[in-house]
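Presented sequentially are two complexes of chain A, the first with chain B as partner and the second with chain C.
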Partner chain A sequence: MDRRRFLTWTAGGAVGATVAASISHFEPFLKKREAGATRVEVPTTCEMCVNKCSVIAVVENGVIHKLNPNPASPKSRGMLCARGNAGIQQVYEPARLKRPLIRAGERGEGKWRPATWDEAWDFTANKLLGVKDKYGPQGSLWSSTESFQETFFKNLGLSFGSPNIVRHPTLCLASVNLAYSATFGTVPAFDLANAKYVIMSGANRFESFITPDTMDLIESTTERKARLIYLDPRFTVTAAKADEWYPIKPGTDLAFVLAMLNVIIGESRHDKEFVNTYTVGFDKLIDHIKSFTPEWAEQETEIPAKHIVRIAREFSDAAPRAVYYAGRRSSWYREDFQTRRAQAILNAIVGSWDREGGMVPNGKIALGEYDFFPWDDPVAPRIDEIDKNFPMAAKGDGAYLKLRENVLAGAPYPVKAWMIHKQDPMNALPDQAKTIQMLQQMDFVGVIDVQMSDTAWYADVIFPESTYLERQDPVEAMSGIWPVVVYRQPVIKPLHDTKPTLEIVQGLAKRLNLSQYFDFTIEQWVNAQVKELPIEAPLEYLKKHGIYVPPDFPKYGTTLNSEHRFVTKSGKIEIFSDRLQEFGYDPLPLYHPPAQSPPGTLRLITGRKAYFTHANSTNNPWLNAFDPENRLWLNPATADSLGVADGQLVEAASTAGAVRLKVKVTQEIRPDCVFMLHGFGKRAKWQRLVAGVGACDAQLLETAWDKVSGNAALHETFVKVRKV
Partner chain B sequence: MRGFIQHLLIVVAAAAFIAAIPPVTPVSAASKGSESKGRYYFRSTCKSCHTKGAAGGEITPLNKTQAQWKSYFASSKHARGKEPLTTLMTEDQLRDVSAFLDAHAADSLQPETCGK
Partner chain C sequence: MAHKKRYALVIDSKKCIDCKSCVVACRAENNVPLRYSRNWIDEEHRGEWPRLLAAYEPGQCQQCESPACVRVCPTGASYQRPDGIVAINETECVGCRYCIIACPYDARFFREDKGVVEKCDFCAKRVDRGEVPACVETCPSKVRVFGDFNDPNGPVRRLLESRRYYTKKPEAGTGPQIYYLL
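Let's turn to the complex of A and B:
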């Protein structure tokens, strides 16, 4: 053979091998359709984000070919977003967790040995019992993110005797939930489909979270000509679609709302009948608001006073079809609770409650329950001392960052075991160095997940959960303007040696002598849930349709009568809150200016894109293709001052740590801020698309929390940026 | 002298007694009644009559304020005063039900959350 032919064959072989490797990833989809191939359509429920849209899986010969929207769902209708479609990749990802693993090297080294289920269960149970013997059951921490099977995981922790259950809301929306609960006794839905005037502070609904609700807003603003006012230090997609965008000075949204209240009340534009009938404390608001003038707010927000006045007037004119949208993630600043409370009060005084186009209390559907006699309550108090530190917060969720602080300090008592379900604290919590320290402090770390997250990378035992497309889950009653009951059934059998969380929990419970609390099958659990639904043969109905949609929704005005009692101390909507005052908080929102950036630093703000759910889907190849690497957004003026050009590598450093990533020079951000997307720069090498790619915001973000709820405050970090 | 020695012995004995007391395990609100068990008893006992369409009419925790539930349990009367509550449940069970109803009463602080 001559040299040319050898090189040709070698090159051809290399190309062929590369093609073959990439084709093998798509092999399930390349099987030819044979005569007599079976094709079924199986309705189920998505798990790619918190929305839980209804899905119909198209399965041919046991392979999922497509995920389509279920038009029967009023939440999703004819739409399934990019994430929903990409759920297929969760199943067929070659690097997903396929069997139990036990750590073989040091934590974070990435060395694993496969284990049998018995081995993994025995190992974990022995470790947990060891911690219990030495430190008491309170020496174990159980952290989780919402899922249809989360309740089984939490129940294992509680029946084990630990009070230390901590959940995701304390990193996300605990502040807005508490603010609305404190005002209305409930967190309402927002009837964006019918609103005429919408104000959004940083809720980037056209970009960060594309769901049918987003489509409602788009249709509302573009076709029905509802007005959208958008405040954000960044020019986002929502800013581009809004009628007006204001690059508000970060952390000053409360000043804007207080000034709106000043105008509306000062000009007597509030809904007097609504206020007199359904609220308490308005009289105290009148005096309280006087000093918060638009001119004052202009100095704080950098939004011209004349626009604040005009917007306030337009807002009140459009009411009750006017809403200051509460948003979803409210983990921004130390004053988040009061900011959201001011928004809630603003919506209330213009009567935007339980009316079309306004805030609407959620419709709910009651499900049955599988009853069993519960365990004894944990004896020890919570490690985050939530009763003392955040007495009004939702105790079942905890206060994650305060919890971490106390665990690191070993006070009031040591916590030495950490069980984690469907959560990646390494990325979800700010100040990753502290999370790593917390992990290293543990005698045992166990993780239940579908993929090798950064936290799983540091675990001692990993239990591989079957994906949502491979398992039967409890049904879920989703409250909302259109409440529904959604059903999740397996569309294929599990591809690998994985189990649903209930079975993982049952294996542990057996070894921890707690089986009596998990002595049921998932079918028994589901049967108990659905038996009270007002339909014939409810289980068969749900299997066939994937969803139950009760008639007669949406309903407006159900609370607008003299007999209705709001679940508040007074029984009314609380503009002035006695309860807040009793707990030592401002009973009406007071403005405390945000911390200003020290010289030479810039405020770091973070956010989301609709392709990525928290940090857990950036490695999904279909989603990663939209945005394979995060960059640090810099205003051109800032870039010039640093001598940095677009695409250049920089180092950003805070007191929490330092990261390196490329720069995106753009006019779309204020000169005093930088922005980076969440979910990149992973450590877990199995996440091959994002391991070491871009940078991890959790390594930079400093620890801060909202004063009332304990919710993480993720926009309180200042960074120094330099060229490298 | 004898009196001094007696006093000294009492002080020494007291000190020894106090030193022998084991460290106090932190105690949570569980001693006030268990909300989770109270919920179970409420559902299994009370709801058999106090559900929609049933003889006793629907009752939920939201039917009364915290003060009203406290007063109800203090009176310890059931069925419009016809019988004591203890004909239905033990004192311990009633304390648990009371804790559950107090936590979920019409005016109790019960902030909503995401998921469960």
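Let's turn to the complex of A and C:
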């Protein structure tokens, strides 16, 4: 049944087309319910994305009936998104991982035999010890993405002696983090609830949720409390809701920011007192930005100079309630770090620091720590040689793409075992062909996950983790303007033969003779974490409420006194950075134009829908129904020149690979770009709704990274599109 | 002073970001199989690059004051509660589907698996427990405001007194109780 109809536009008659909803024929798991059911409500924490929203699970007769938002959370602001609501499907998914599996065919062939836990542990420990004997502990690689039990997995890798822990930041926000750290000595939050002027480059906040930013920005924008200026080559939902949208030429955001600096400093609109008291290097900036005029920026960005001038004036007038929002996934271009640095500097010189409506240093709540037995630090250097390649980067997280290059080259040493915790490098990393090569050159690949990801599909052993609604997790303190402590407790017993990560790790630790480092229970760990919270009976409190909200936030102005020392080399906010200069980077952001599309090619850009989390929820039937197949967005002018029509099959090819998918002809993208949703065209057949459906962007994206942070640069790929 | 309750919904469509939270929340709360939906989000896209507009608008049963569906129902399965909620008594429904034809808003569907007609009932079970409908509660941008139209100090009336609004197809004469803010 097609549920979508035309709107009645209040301004006049309706024109334009609706998109026909394709509705999947899959019948969801039907919950059996009877009258007089027992009904309990259990507060817990969502794990459908990284926001950790507070949830109240309604459980009837032992079956999860509904996940409701917990209104007590100042982070999730009493909401639960489509993914959060669809969390039920992760539990009752018929094709989820239900027992340990050992590969029975070739890698990627999808042939498995069920195994007992002892078998899976023995097999894995044996392989890991074999690699250790032959190549040393550094021959093993441990990769993971942020989750509450990630620490146990990481600690297993470290206690095993491997320096090679690689996490998600260089596929995500490493360039933002590094740019703000280099400037302010910390990564601040943005007070969108109180800002009056917000500029956003591409951080499509209305389709890529961050709490509480998304909700605060909707409220501010639609209630006309804030003006939103949005730059994006694509007309997203955020563009539709913004006060002004500029389809900026991709990769030129830095030119826009530099021109804003030029106007604000040229017209002496910066906050002189703030600049004098809290920053260093402003004098060097004055000369630096002189040539970056709005007229120059217009040539680069295609945003008219008069608008750049006006926006710069409005921005400085609204300061300190004005922010150039940093965004999250900042893995776009090779110059990302400098773009983010320039935004940070712009925010600083108008004094939007540590004040209501500006950037605010994150409030933090300290948790206790369980004292586990310490291990010796790994001896070998990291395989990605991060000290040499990215000397300013966060060492512990690694640099994923450089790491893959070095593993493939076998230099500086061979890496032959890969343990992966709830991460899907097959989709998360660009250039899938290389990821497959990397998997194939391993002597052993082990995966811990809740579902059969494309990466699990290539594993030798799969350990099934209990879903977030079936397990007890460590407590998590979330920093922010409104910091909170969130609690995740099981709302039902595990449905299948699955285990939480800690128990999976302990089983391996025992066989690797590392038990002394994991000699505790989850309860002991949690008790140690919560015992110093300033509340009576903290554990009982968290079990009952699911969240602890400290009373004394938000706090503004804690750093605004001349005594305050910022965690930078100079102790001040660094507009000019000596450290950057020492390492051979531009100490002030200098504009390097982005690579231009070779004739006959289009720039591939990536992005989100609010109901999908990266590549991992496209197979959730309740979410998949909204977009059952991804298509390649083409502007009508581009489609005409290629001779393709809406719905026709095309081949898109880059130097990394080629894919085939259908075209969506839409006005909502620049004529020089193409866009496709992430998480389709999967290889794992168990992901039945998206296996071989649509196409996988990771097969097209080429390997490129930001020079300073090592962050993947996902918008540096040009594709040729042809009708097939 | 006690008054008779009359539940109504105010929808501020300009806050809607098409995130589908309401659609999934309804599906879970009311056990609606995937091929059906009790609520939905209409969307419209207009203009030519780069002068573009897009708008999103949530839709569902309009909980009419004089519901056409109730009038045509031969068995009394479709009925109106004293608090105004238009509901369906599944055990009385014979699946004749007159109501589907009568509804000016296309808000009803026939469930092949159960042989009955279904639609939004403002999550009556939740409302009876003192909660708001699932779509109202879960929304990240709080597009919907639910309450008693007859409560002069309630959120519904306060909004309607301070903002301009319209109802859908008032010419159908069914007195829809979902108010869309302009």
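FYI, the second predicted complex is superposed on the first by the 682 of 724 C-alpha atoms of A that agree within 3 Å, B and C clash if a C-alpha of one lies under 4 Å from a C-alpha of the other, contacts with A are read in each partner's own complex, and residues count from 1 in each chain.
Everything that follows uses one rule, which is that a contact is a pair of C-beta atoms (placed from the backbone, for glycine too) under 8 Å apart; a residue touches a chain by one contact, two chains touch by 3 or more.
It should be emphasised that the depicted structure is a prediction, and the values quoted were computed from it without experimental measurement.
**Student:** With both complexes overlaid on chain A, does A:Gly446 touch chain B (first), chain C (second), both or neither?
**Tutor:** neither
**Student:** According to the contact criterion defined above, which of chain B and chain C contacts more residues of chain A?
**Tutor:** Counting contacted residues of chain A, the larger count belongs to C.
**Student:** Does the superposition put A:Lys241 against chain B (first), chain C (second), both, or neither?
**Tutor:** second
**Student:** State whether A:Phe626 touches chain B only (first), chain C only (second), both chains, or neither.
**Tutor:** second
**Student:** Can A:Gly679 be said to touch chain B (first), chain C (second), both, or neither?
**Tutor:** Neither chain B nor chain C is touched by A:Gly679.
**Student:** Look at A:Asp371 in the shared chain and tell me whether it touches chain B only, chain C only, both, or neither; answer first, second, both or neither.
**Tutor:** first
**Student:** Contacts for A:Pro500 in the overlay, against chain B (first) and chain C (second): which applies, first, second, both or neither?
**Tutor:** A:Pro500: touches no partner chain.
**Student:** Across the two complexes, what residues of chain A are contacted by chain B and by chain C?
**Tutor:** Common to the two interfaces on chain A: nothing.
**Student:** If we count contacts the way the header does, which residues on chain C are in touch with chain A in the complex?
**Tutor:** The touching residues are 12, 14-15, 17-21, 23-25, 27-29, 31, 33-37, 40-50, 52-57, 59, 106, 109, 134, 137-142, 166, 168, 182.
**Student:** Taking the complex as given, what residues does chain A use to touch chain C?
**Tutor:** Per the stated touch rule, the residues are 1, 3-10, 14-19, 23-28, 30-31, 33, 65-69, 77-82, 84-86, 88, 206-207, 209, 214-215, 218-219, 222, 235, 237, 239-241, 247, 610-611, 621-623, 625-626, 635-637, 666-671.
**Student:** Can you name the residues of chain B that touch chain A in the complex?
**Tutor:** 25-28, 30, 34-37, 39-40, 43-44, 62, 106-116
**Student:** Okay, in this complex, where on chain A does chain B touch?
**Tutor:** 50, 136, 145-147, 150-151, 154, 163, 167-169, 172-174, 177-178, 180-182, 186-187, 369, 371, 373-381, 392-394, 396-397, 412-413, 565, 567-571, 579
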